[in-house]
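Going by the order they are written in, the chains are A, B, C and D; count residues from 1 in each one.
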Amino acid sequence: MTSVPAGALGHAEKHAGGIELGKFIRTYVFSLDHKIIGLQFLFSTLLWFLVGGLLALGIRWQLAWPWSDMPVIGRMLFSGEGGQIAPEFYTTLFTMHATVMIFFVIIPILAGAFGNYLIPLMIGADDMAFPTLNMLSYWFMWPAFFCIGSSFFMPGNGAGSGWTSYPPLSVVQDAAPSSGLSQTMWLLGVTFVGVSSMMGSVNYMTTIIQMRAPGMTMFRLPLTIWAMFITAILQAFALPVLTAAGFMQVTDRLINTGFFLPEGLVVNNSAAASGGGQPLLWQHLFWFYSHPAVYIMILPAMGMVSDIMACFARKPIFGYKPMVYSISGIAGLGFIVWGHHMFVSGMQPLLGMAFMVSTMMIALPSAVKVFNWLGTIWGGRLTFNTPMLFALSFVSMFVIGGLSGIFMAATPVDIFIHDTYYIVAHFHYVLFGGTAMAVFGAIYFWFPKMFGRMMNDSLGKVHFFLTFVFLNGTFYLMHVLGAVGFPRRLADPYDYKIFEHLQPVNQFITVCAIGMVASQAIFAFNFFHSMFFGERAGRNPWKANSLEWMAPSPPGHGNFDFQPIIYRGPYEYGSPEVATDYYPQTQPPPPGVKSKSPGGH
Amino acid sequence: MRAESIRSRLSFWTGRDALAAGLLLAFAAGCGAPEAEFRGNLVYVKRKEIEGQTEFTKPQSADMANILAAYFGTPDDPHLPKVPGLELGPLVDLDRVKMSAGKVASDKTGQPHGLYREHCVHCHGVTGDGLGPTAAFLNPYPRDYRMGRFKFKSTVKGQRPTHEDLRKILHDGVAGTAMPSFKVLDNDEVESLVHYVKYLSLRGEVERRLADEVVELSEGERLVLDVSEKDKNPESFNGKIARLNEIVTEVVQPWLEADGLAVPIEERTAGWEDPEAKAKSIARGRELFYGSIANCVKCHGDSALGDGQINDYDDWTKELDPAKPDTLSQYLALGALEPRNIRPRNLRLGIYRGGRRPIDLYWRIANGIDGTPMPAVPMKTPENEKGLTPDDIWNIVDYVRSLPYESLSKQDRQQPQITRERL
Amino acid sequence: MGRFWSLLFLSVPILGTLAFVLAIAGVGPFRDHWLPENVNDYGGVIDQLFMFILYLTGVIFIGTGVALFWFMWKYDAAKNAQPPVYMHGSHALEIVWSVLPAATLLFIAIYQMNAWADQKMRRPVAEAGPDGIEGTEDDVLQAPIVEVTGRQFEWRIRYAGEDNVIGTPDDVHQVNDLHLPVNEDVVIQIKSMDVLHSFFLPHVRVKQDVVPGMKQFVWFHGNKAGVYDIVCAELCGWGHYKMRGKMTLESREKFDAWLAGQYAEQERSGFQPKTGADEND
Amino acid sequence: MPTGWATLSGVFKVVGDRPSAAPLTIDKDQAVCAPGGRPVLSQEFVIGPDGGLANVLVFVSQKLPDEEPWTHSESRSGKSDEVLFDQKECVFLTRLLALQYTQPIRIKNSDPVGHNTSLKPKKNPAYDQTIPSNAAGLYQPKAEEDQPFPVACAIHPWMKAYMITRRNSYFAVTKPDGSFEIPNLPAGVELEFRVWQERTNFLQEVTVNGASEKWAKGRFKRTLTAGETTSLEVQIPSSLFQ
């Protein structure tokens, strides 16, 4: 019996009646329960996280020891060449690494996993507004998994025109070995992801607006929820553009609509079937989504980090409203900065200036948030447990990622560092140093709620330490590479005289990367072990304020075994009104005390 | 200074293989570290089998492989055939070959190795069979060296290329194809690659000749006798060996001669460059282009767009009998690439695969292009009144070189495109 | 443990700064691990801006890093008894740390514009137009000396030749081997034949994607003879890494001589095989 | 030791229902190559009214010393009289040309249109030249081939022919009625002959004078008696031509 996850237990009790297949499927497979769907997202994304990591190792191996026999995959696919990979396979490696990490890991794990799991719990709803839509949003990931997964087994061993899929390379089928069927599958896959996220975001918006518990005013929402809310809005408005653009590219490829192909194009000695289009159009459409997407990939992380920090600093979040405003500010500005991906793309340089200004401005709200986090831990009582460490590392890493962004925003400087490892360092600090670390923190933080058991804190700290060290070992020196002008996406950069001496640094980076991937084994073990054998957690192991901790761990169907009524914001730690150093949102104020907590109408 | 040398000097992590081994354990116990190997010329063998209505026996095929290994070694450890009375000296030099052979690496002295696998193998394949991982998608397909035939050279059709011809192709690349220029490599790296290409060609040719030989054998007969026979009947044993050596010699001989066979070209009579002389020459060239002696128009088409003869194949493809679907399917099953028609060059693009120098075009016209349907023009001789003089050829050259600048050829006429000029 | 973790976080700004200092100083394993030498008169400004932003962000990086460390060190629950400060933020502070960065960022943005315009919009002028004033609409812009066309996977190069017009029979054709005169403004016309490429000259701080169907120009003023790399910086297919070219900056005389030599070779119309020469080298 | 001179003669006949020759697609110079638009048939095999198979090559495949008593003075190597190889209406008038390699070949074009004739021999120098209308090129072989090599015209890809160059004259090509004769063969010694036909390559399964024989890779051996003419009636199943 102990081998059944506590989560499942707590859940199965709800519909007692033995192990009956139909019921099992309804409960755990095609479940309408936001928690199960959240967990489904969590498990799928963690699995893809592993795939993406291994793909990254492939990239690193080639960069450290070009054309040497690549372990496992090289030897499986290129035994005739003695395990030495073909250059087009390298393009596949980085394309698929990015695709998997962005579309199958970061976006779904934030919105899909945590969004699903936390939103109803944190706003005091018994489920999402549209449970069926919610289920569909998960099951629409599977066609995506299938399409992109299967593209590995098609000519070219997977799409290879970068996750940005710039035409003409991605549109002209003769332009690259991987621009054939595998590229089409890739595009379809991305479209499915789009559909899935679209369903999710509609659901989140409705739920947050409509289903808050009595007393849960907008300004009593935890920052996590605010972030999820804004993210949902971003997705709802940006995604259709990508989906449409992706579809245009599919039609360009399949029925020669020629949106993105200039007239009279001849690639690889075969004339393109259509023309009259403009390659830059794709870049505009793509980045119009993908820049907001960058914030889709970071905002929820910021929210969750804020909650974790406040909780373990035992202190109200510093500047709650400024936080909310800056999240919204980021979202707003996020729509008018896409051009900074295109400074040297051939876009009219005048536009470059405009985009430079807007881009510089978007750095502002991020700065504000960082200062607020510092303000939050200032004067607190910090407990350094695993979630807190990850949350703190988020701040530290995000600062690096944020600051290096300013270089790219400066157009003249961008001329030199565009498409170099400087940018690779930049977005990995934001996405791995930032989001991924926050996600780890969030998993350690909400695991007790999800499975009713605690994760092992000592193992967690070891995991944190190794990840933190290797992460910096891997990504920090990429700034230095970028400063030399070391370009991305080169299968063998050392032929260039100017880069040939950079190989040792790359070897160092590769070794760190291998270490980083390896140390995730600790996490995997901790995760699954604790799921079954971790010490049982009560409703509120962290003595936190927000609503989800009032529900049983794990919460049953319908979440709350009482009707939550909210009296205050989620960050009332150390409030003088009560003796305890925390003050749950649902706890009525002691008789005679006039609550002065913020967010009170 | 070479990338390789730097790599070896600053190599940060030397325990690479240890790491690889570790990772292997971590992921898959199943797959070991494979050696790069020469692939047998299965397609040609199959062709021979079909022609001779026979089948190579296991020992016969094994003999072929062993003989090749004995003469030429392996990709990682190449050697050159040692045949009494055969001096390879200037043709292929083992040290230079070794520099290109093997894995991509460099030894302590910074001497690079595996240049071929670093720069060429993706397209031309370990064996030089033009069947590298990337080959199938390239257009045109990469060259298969194993016939020992190359298109763009200074010697007459059917003869081997000179060392200089091959070096020029590596140096300039083949415009309009995926063959890049290796100008940026050090000179001795290019040299080494030329030698390695010759090495692969010789090996490939010998392999083909062995197949020809096997077909003629009767049931159970073999290319070599068992060592035990050496004493029992030495003459037949040595006879077989002698025959093999003879084959190798026959393959090498034309290569040795080639360097002397580059077709000399007399300097043009002075003053050909001044405008009206040139104009005249171009006009004359035009006549010849359409005339029945040079007969260029037949294949290159009435407007020189290369649309005169569009359903022919080059010799590499003809070996697959593209017209015979049943045998073709067998060849494709053995890894041959889907046949593609060879198109006569579109002379209006101003892209000259064999080089744009007048002498390059002169050679193309006077010598024909090996392995393709492009024939040589007949030269005027006492017994052949209806031939061309060198001047006639120069006229054709002038005309051909003027074609890209005719209004008909202008890009914007052919492919209108929105070109935007910047402030 | 709190102490340990604080120090771990402190190591980020310390090691981070150290790495950059070493790289800038170019010492030890970091020799030549910084901006490659700039040989373009117009390129220096890019380096200055880069360094300017680096120092600015460096200050914030260290500042926040140290602050984070200090708070972790000081407010570690294990070491620090007094109760947490119960506060929800400070309007004054929020204003300060919104306005200050805003001002700085805006300043950076404006400060860049001129440099950007020089790089991408103000193509060198051959001579002032009828109105005799440079920098006005009617200026005669300097004509490109050479056209570089990206193609899978090589840079096809075409010099205007005698008549200074690209696309005439006297053009000089090259591949991957770009020679240019030093100590003068050169304008290069760049195009693509098939897919996107990016014409990247690290040593002169020039980078511009080439887009099929679009003609663009880049320009610089080389000030040091030498051989430099041409890099492709936009994914262009399986052979992206192969698009390696070499740019040779040399004196006008040398350049003209070289160009003439190339033209002569290109027009070569006679061949006598080396007699008895060992073709081997 | 040969005991004298003998003759080998015979006829090749196709038995079974008569196979039909495939029509060729003439996509160029129709006026010349297919006058009056009449269909042009492939000559891969040409079968006479009574089943005689033309253009079958029979030759002595073993190496014989080039002097008496092994090789008759008539048949000895070193012939030098020129052989004409003409083409008309885009057809090589000799489908299979067998000759001594010492003989020069005059490659003629009797058509009003230009041709180009390309020889792809194994041991001889290659040859590929445009032959202007009513002009000719000269080709001098240099070596003995042990099987026929193809001749083609790139301008008219459907044009095909074969050539074989031998040392001595111990070879014959069957006439339209399928008959052939090789005189002056050394008698009393076992001779190895090889038989080749364009479509079937070296003939293997045949019936000779009623008895079925298996010629391994087209080889058969005979010992002839001096002064006599050994004649073979070779029957080939028409299935080989379907």
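Details
As a working rule, contacts are C-beta pairs under 8 Å (C-beta built on N, C-alpha and C of every residue); 3 or more make two chains touch, one makes a residue touch a chain.
The structure presented is a predicted model; accordingly, all values stated were derived computationally and were not measured.
Chain B has its Cα centroid nearest to the centroid of all protein Cα atoms in the structure. Centre-to-centre separation between chain B and chain C, using Cα means, comes to 39 Å. Centroids of chain C and chain D (each the mean of its C-alpha atoms) stand 71 Å apart.
Inter-chain spacing, taken between the CA centroids of chain B and chain D, is 33 Å. With centres set at the average Cα position, the gap from chain A to chain B is 50 Å. The residues of chain B that reach two or more other chains are 122, 134, 178, 184, 417-418, listed in rising order. Residue positions of chain D with contacts to 2 or more other chains are absent.
The set of chain A residues that touch two or more partner chains comprises 86-88, 176-177, 262-264, 268, 278, 492, 495, 497, 501, 504-505. By the document's touch criterion, interfaces exist between A-B, A-C, B-C, B-D. By the touch criterion stated above, chain A contacts chain C in their complex at residues 86-88, 91, 160-162, 166, 168-169, 172, 175-178, 262-268, 278-280, 313-322, 344-346, 349-350, 352-353, 356-357, 360-361, 363-364, 367-368, 370-372, 374-375, 377-384, 389, 392-393, 395-396, 399-400, 403-404, 406-407, 409-413, 415-420, 461, 465, 468, 472, 476-477, 479-481, 483-485, 487-493, 495-499, 501-502, 504-505, 571, 573-576, 581, 598. Chain contact summary for the complex, chain C toward chain A: residues 1-2, 5, 8-9, 12, 15-16, 19-20, 23, 29-36, 45-46, 49-50, 53-54, 56-57, 60-61, 64-65, 67-68, 71-72, 75-78, 80, 83-90, 93-94, 97-98, 101-102, 105-106, 108-109, 112-113, 115-117, 119-121, 152, 193-196, 198, 200, 202-203, 205-214, 216, 227-229, 231-242, 244.
Residues of chain C touching chain B in their complex: 121-123, 141, 152-154, 156, 168-169, 173, 175-177, 213-217, 238-239, 242, 244-246, 265-273, 278-281. Only residues 57, 64-69, 71-72, 75-76, 78-84, 86-89, 155-156, 174, 176-177, 262-264, 268-270, 275, 278, 492, 494-495, 497, 500-501, 503-505, 507-508, 510-511, 514, 518 of chain A touch chain B when the two sit together in their complex.
Considering their complex, residues 1-3, 6-7, 10-13, 16, 19-20, 23-24, 26-28, 31-37, 39, 75, 103-105, 114, 117-118, 121-122, 125-126, 132-134, 136-140, 176-178, 184, 411, 414-418 of chain B touch chain A.
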